[in-house]
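Once you scroll down, you'll see the structures, which are given as structure tokens.
Next, two complexes with chain A in common: one pairs it with chain B, the other with chain C.
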Partner chain A sequence: MTVLRVSDVPTGEDVLIALSDVSKSYRRGAQIVPVLSKLTFDIRRKEFLALMGPSGSGKSTLLNLIAGIDSPDHGSITVAGEDITLLPEADLADWRAANVGFIFQFYNLMPVLTALENVELPLTLTGLKRRERRDRAQLALSLVGLSDRVKHLPSELSGGQQQRVAIARAIVTDPTMLVADEPTGDLDRQSAEEVLEIMQRLNRDMGKTIVMVTHDRRAAARAKRIMHLEKGDLSYLVEQRLE
Partner chain B sequence: MSQWLTLVARNVLRQRLRTSLTLVGLVVSILAFGVLQTVVKTWYAGVDGAVPSRLLTRNAVSFTLPLPQAYYKRIGAVEGVRHVTYMTWFGGVYKDPKNFFPQFAIDAASYFDIFPEILVSDEVRRAFLRDRRGAIVGRRLAKRFGFRPGDVVQLRGTLFPGNWEFVICGVFDGRDAKTDTSQLFFRWDYLNETLRVRSKAQADQVGFFAVDVGSINRVAEVSQAIDEVFRNSRAETLTETERAFQIGFVKQTEAILISIRVVSFVVIFIILAVMANTMAMTARERLREYATLKAIGFSPGYVARLILGESVAIALVGGAIAIGLTPPVASRLAELSATLFPSLIVSVNTVLLQALSALAVGVLAAVLPMRQAARVSIVNGLRALG
Partner chain C sequence: MPLLLAYSLRNLYVRKLTNLLTAAGMALVVFVYAAVLMLDSGLKQTLVATGEETNVIFVRRSAEVEIQSLIDRRQARIIESQPEVVMGAEGAPVVSKEAAVLIAQPRRKTKQASNLLIRGVGPAALAVRPRLRLVEGRMFRLGSDEIIIGRALAGRFEDIEIGSSLKFAHREWKIVGRFDAGGSGFDSEIWADSEQLMQSFRRDFFSSVTVRLADSSGFDALKARLEADPRLTIEAKRERVFYEEQSRLLSGFIQLLGITLSAMFSLGAVIGATITMYAAVASRMMEVGVLRALGFRRSRILGAFLVEALLLALVGWVVGLLFASLMTQVKITTLNWTSLSELAFQFVLTPGIVLRSLVFALVMGLLGGFLPAVRAARMNIVDALRVA
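Coming up: the complex of A and B.
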């Protein structure tokens, strides 16, 4: 394990996501609360990056900016060469559909849709035929080990199974990156390990770039790199060597 | 089925109790709206059913004042008049004032030529002409009181003194549903002969004349000609089309009709408020789902259409049930109202108005929740409690 200063992180080397001078603040009543301040760093392709830090350090805000569901006050965020801060809202929605797979802490599945229909949902934006959508959704569910739960509603699945369905939904469109906000935060230890195992496999075997926010050190230990945020700034970065 | 339709259909059934209660409210409101509209329309049925070439001649001062029966021949002699008849409103009480039904003394020989919508068989007509005390009753009235040919019906006079006995000769039907078959007709000559004995001052007078012109092109000319005949006489006449006469009659109850109309629209407004509240609650509860949909690439418009689809689906189902229930409920109301409404027939216009109201409620109730769901930021939506 190597601990690096942020300034030592190599840049320009197969970079997928580049943040440059990114600042973000929120208005709380009459007060403006700075969350991120002039953040500059790169995330490489096939990276598995864990973002850690105390509550209020801005890690979820940073994840939201990278995922294109929030916009910075200042600076640019370039993903695969495209500055997403310049995209209008409608284009940004299309960009997210094509490039980002979301994994949320509370799964955020549609309760009225079956596991298969939930996974198929993002594919309805692609123009694929129904048969092909179904085949791909089946495949994604089989990758997370849920081939036998396709017709179950989320309420009929355990937390771990629901999060696996959410992972299948995130990967079904074969996005450029996966963003996960506390993906194990609502799971018991065993389910959390199963989910992390799947995420690690997606990164290792399928080359998926993953950015994960977590409080859990054991979850972060699965990542290739860990970034620590402190009061809206990167404090240090840990490079891990995993087998 | 498209994913959008699947989501809409399943969301409708998601909160079954809430959806059911909203549906009940919708059905009751749209049903009440339809029935009230039908009542108003029925009130105007006489106007709608008026024959354009038929004129009514009444006393120029007021329709409550009579005209001399002697005008009959003089009106008949006016150029352009094809047929003429006369009648008098009797206003008697059958056992109890609550048993109200219209009664007219008519000229049996000429009445049916001018009112062909009253269908009387030749046999009944002959019996009516034979018996001076004879009366014919409409099908609805006969059914209401169980009147049968040969029965003696006694009416207590209110405008004309004494008790009056009539022998039922037969039953008449209406040419269509608009024809009032809750009336009783008896012979004017019987009324007149009795009045000569009991109340001489009221004898030899009629309520009004009905005139058949044959062609609507001559209506204005003939009505003017009739009134001209009696200008400066003891009882001047006012001749107008049957439609104008009916409008004048209905206008006396216009305030009631306006109130009924207003109430029918207030009912719709109330259900709109209830439905809007339901949809707002629903949208608030699902903000996180909407934010998730937007995060994974669905447009704010798609999310808005989900809410609109759900709202319109509930409103249309409620509207359809209400439209289906309106004819039987209106029919039952007509039965319960005795002779107040000859029949309550739900018109196509009323059905369209009901459907349009249901659609409007569905669309308008969704407007604010759609705006809220489409505008909420993904980040704030994801923080919302589900």
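Coming up: the complex of A and C.
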């Protein structure tokens, strides 16, 4: 394990996400609470990055900024050459639909839709025909090993199965990157291992760029790189090679 | 079915009790609204049906109803001799010179007196109004004290049935027949021989003269010529227009009452829908956050919740209209404020009412759903996701 300073993070042509001078603060009543300050770093293509840090360190905020569901007070976030902080609201929504797959801690599936329909949901934003959408959703579900659960409602599935449906939903549009916020935080160890196994496979075999926020060292150990955030600053970074 | 529509529908189903109650509120409003329109259209249809397309009625100038009108025999003769009037089988013009009088007759149920219109008609009355048919008994004999009664009167007034007698104008009038005038205003009248009626009331004036035209397009020329004739003090109207005008006062009242009632009720229903939809949005904040994160634009979220509110309104419309359609079985009798005589009519459901009540329900849904839908669409994604 090598410990590098933030400034040592290599940059190059392979950079997918570039944060430059990013600051973000929240208003709590009359008080302004700084969360991230002047953050600059890159995430390369096909990376599997784990963001770690104590509660309140701003790792979820950082993830939200990268995923384009929150905007920084200052600085730029460039994804595949496009500065997403400059995009108007509606364009940003389109950008998310095309580029980001979300995996949440509590799965966040639509309770009234079946597993297949949940996975199909993001595809309704594409120009695909109904038949193609169904086929793709089926394929995504088979990738996470849930071909036999397509007609089930989320309430009829275990936590681990629900999270696998959520992963299928995240990958079905073949997005540029996957962002995962504590994906194993609500799962038992066995299910967590299964979910991490799938994520690792998506990164290794399909080249998906993954940014994952986690508390769990075991989960972080699956990543190719780990970053530690403390008090809104990327205080240091641990690079860890697998295999 | 589009996935987002299925999503909205199933969410409605999930909160079915709340949503059913909300829809029931809307159904009530739709019912009131549709019923009032049906009442109004029933009234209009009855009075409009009273007039024949090819008939022209002459009344004294500026008389709105027949009982205000006087036409003397000389004027009546001039009217019936006009070339536009069609000739009957016996070579006589198809004209009915009529005298209209009101009598007070106690109602069967309440025993309270109400106005009944007695119409004295000429020998050609049935030729002038071919839709009128005797359904029981026979026609009165000319020159006798016999009368026939309209279909809608049976059972509503005391002593009005075939075989019994009615006393008015110092005479006893024997009821010998009952006629069906096809749901028109005549169904609420009693008919007698006009000469007998005028004698008994000691008057020598007709109230109106109704003629049948050979060709209905001859009306304008006839009207222009006779109204300009210095010997006449009459006004000519198409019979249909004449009776339609009689519906205006009552119809205006019904509409005003209906709109006022519907507006007040609908305010309640819209507030109900707003509360329901706010609750729906609040309980699905996480879902809204996810949809937005997945790339659904604000407009799509707005649309999804509006569709939900519209579906709610649609359910209310179907139920409300269903109950309103049952009202077509109900018969109403009321005083026509223009002619001052009793008139029987029914609730009539027309395609126009179906459409108007649909639009009304959808507008309620739209108004009720708008603010909650805007709230959902404007929700901050991060805050919405934090709810989970």
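Just so we're on the same page, the second predicted complex is superposed on the first by the 242 of 243 C-alpha atoms of A that agree within 3 Å, B and C clash if a C-alpha of one lies under 4 Å from a C-alpha of the other, contacts with A are read in each partner's own complex, and residues count from 1 in each chain.
Keep in mind that, in the parts below, contacts are C-beta pairs under 8 Å (C-beta built on N, C-alpha and C of every residue); 3 or more make two chains touch, one makes a residue touch a chain.
Quick caveat, the model's predicted, so the values are computed rather than measured.
Asks: Please indicate which partner A:110 is in contact with in the superposed arrangement: first for chain B, second for chain C, both, or neither.
Replies: Both partners.
Asks: Per the definitions at the top, what is the overlap between the chain A residues touching chain B and those touching chain C?
Replies: Comparing the two interfaces on chain A, one with chain B and one with chain C, the shared residues are 64, 67, 69-70, 90, 93-94, 96-98, 102, 104, 106, 108, 110-113, 117, 120-122, 124-125, 169.
Asks: In the complex of these two chains, what residues of chain A are touching chain B?
Replies: On the chain A side, the touching residues are 64, 67, 69-70, 90, 93-94, 96-98, 102, 104, 106, 108, 110-113, 117, 120-122, 124-125, 169.
Asks: Which stretch or stretches of chain A touch chain C in the complex?
Replies: Interface residues on the chain A side: 64, 67, 69-70, 89-90, 93-98, 100, 102, 104-106, 108, 110-113, 117, 120-122, 124-125, 169.
Asks: Show which residues of chain C lie in contact with chain A when the two form their complex.
Replies: That would be residues 2-4, 6-7, 10-11, 13-14, 286-287, 289-299, 381-382, 385, 388 of chain C.
Asks: Using the touch definition from the top, list the residues of chain B that touch chain A in their complex.
Replies: Of all residues in chain B, those touching chain A are 2-3, 6-7, 10-11, 14, 288-289, 292-299, 377-379, 382, 386.
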